[in-house]
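What follows is a short report on a single structure.
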């Protein structure tokens, strides 16, 4: 069943046409990769889904409901939780308090307590550092906190923006393993990444963006099979990428 | 810009208009020949000078200063040190030891103003070296703290200020035309600074200090220059005011005065010299009008006239309430002030977007 | 130090004054933390509560009810100034917000001047504000002991609120990263309104003891407390709750100490010295004695 789809989405930053006629769909239980170079419009796409950016035209439909232009709070309540680029955990709050903040919209206290316990089992590090300020954790651990915090609202779709950014390769592997694990728990994930190889390893399908357009979409195998794409966008493409768009800067 | 001369002509029309406006108001005051109005207009020109001085710093740097009246106070008292004869000092500043070097200094009024300006400029320059490192709200709080420091020191240091007692015996030497002349000079200085390379660089740093620094602008130096000139100009205002009002205490250079001058700048628009001038003139005149209305209503009330009976209590603070409400409304509805950060210009040929863009308001 | 008794007296009055100063600073810091607004009009909230004491005090109501109603007034005014004046300038520069609060402060002061009186008025106060007790030969003012206790209770209650309730957590989270707080589904305006309400509550509590101490209320009654709050929070750390509390207590010990031991003519310069310290702090250690543990994210 299609859980989330975008149709003919157009987003502008002033005169900058950041996302052009973008179509995208995510089935329930899938990991969908959104890949491409810096400034390709990946983050902008994610922000339009979560309501942080208002598209000029086109539609975002979640679970049969048009959510285009809805406020982030409302989108969250419907079941779409973001894991932002740079993790954005609350540094001076403890790990436990971060988790509770993730459930800020949940009224049921028992559910919150149960979920905290559940994620502490899945991410043992959270239990270990539960009463420490989250800012004291390492980058990889902070990423765990960010993911667990997003899960606390019991979302149906997790939007992840560059979870591997700034992490050591070993940690990155852990994070990707974790994302794959989330799928086995029935979570649907939209994964925005520059790390194309790792993304293709775990994704069910992927969209390749270039200059705000979908350049190619398909299964990881199909994408890998396109040698040209590999060379143009996945290899040296990142260094010769166009100047960063506001999407990645914000 | 292809044609250099045209925007230049149009640009320089601003000080011409502003100075013309000042002279016009002064002429009206002369023609009306009404003592009260003359007094109001003279004080108004001192406010114009102070507003322009504050604009020169705040408008170009984007930083807020609540400390201007500290420098006005220093200027006012310094002008007494240099401008009064030894005999006069024995009356006006009786606590000043006669053995002090400053006690024997006596210069003509105009030179005393310049001396006060230099002293204040040095004080402002020194404190400015430290202040220009601060940003945003920290800067404003620091200037506010400085205002309090100067106020408390002036209230206690009887040797140089006569403490909390009113100074007396200051000759009334400031005339309408002297005030107009200094105000016009201030307008010219502020305008020249704004259009100078220094002013341009400083304005470039207003939105984003780091970006300006990254293209090689020495933001702190530009800020310091504007700050120091602004302090020196404020001293002139203090000196002129001292020799016009002739009776005052350190508490005449404090919060209420700070509120008024900031209100003038905010209401007119802090980003342009025209905004400061228009703000100062309109606030000074309208608050005088309000005050007179307030007094008239209070007299009616005391006399128990028909209107007077409608007024339930003595009206005090009515003027400030109106000003504060106007100021808050401007901040909310039109943060760039009445003039929207633009300069008054003669319409000449096609508009020059490149020129007006630079004069945009300080708040996004 | 003459004797143990003098020392205990010094300790009690320093702790009680310090507690009040800590509450004053907290009221400022709690709003600054999430909105970057240094609220000049905070002192006028104290004034509002003071006039509440005066006006409600004329009724037959017991003083404790009068006090609660006065505190409520301060909270209502705090929420009102946020909604009317500060909400519309929330996205403007810190300088603009500061100027706005300066205007709000002037406005409220002059409203009191116009509608109540420029002259000081003495509200009805219970006798505990003047009585002293002698415990094992040491004389202490009852009000000092109460102020000490109330400030400690208030600080602990606030701490519990900030740690345990989701609204309290949201306040701290918003001070860390305002945008992210919205992205976990918290209503931003509600959080800021809560901060203002707490600020009003603290101002109200402070007003009871401040006005109890000086025995009168006038339009400028809030000015001295707001100056104290400035000093304490800049010294302790403008973005740190712990810093505000620490700054308040340091200032309490310092003022009482200077009052006790400094010669009178030097004491006249006390404010000047305090504000010179503020300037030096801003220059040398702008984050205050207590650095925020983590650099704040850009908003």
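Residue numbering begins at 1 within each chain, and the chains themselves are lettered A, B and C in the order written.
Please note the rule applied: a contact is a pair of C-beta atoms (placed from the backbone, for glycine too) under 8 Å apart; a residue touches a chain by one contact, two chains touch by 3 or more.
What you see is a predicted model, and the numbers here were worked out from it, not measured in a lab.
If each chain is drawn as a node and touching chains are joined, the picture is a simple open line.
Per-pair counts of C-beta contacts peak for the chains B-C. Central chain (C-alpha centroid nearest the global protein C-alpha centroid): C.
Between the Cα centres of chain B and chain C there is a gap of 32 Å. Taking each chain's centre as the mean of its C-alpha atoms, chain A lies 43 Å from chain C.
Chain A and chain B have CA centres that are 54 Å apart. Residues of chain C found to touch two or more other chains are absent. Chain B meets chain C in the complex at residues 62-64, 66, 130, 133-134, 136-138, 140-142, 144-146, 148-149, 152-153, 156, 255, 259, 262-263, 266, 313, 315-318, 320-321, 323-325, 327-328, 331-332, 335, 362-364. Residue ranges of chain A in contact with chain C, taken from their complex: 50, 52, 72-73, 76-77, 82, 84, 88-93, 97, 100-102, 104-105, 133, 135, 149, 153.
Considering their complex, residues 163, 166, 169-170, 172-173, 175-177, 179-187, 292-294, 297 of chain C touch chain A.
Interface residues of chain C facing chain B in the complex, by the touch rule stated above, are 36, 38, 85, 88-89, 91-100, 102-104, 106-107, 109-111, 113-115, 118, 219, 223, 227, 230, 234, 268-269, 271-272, 275-276, 278-279, 282-283, 286.
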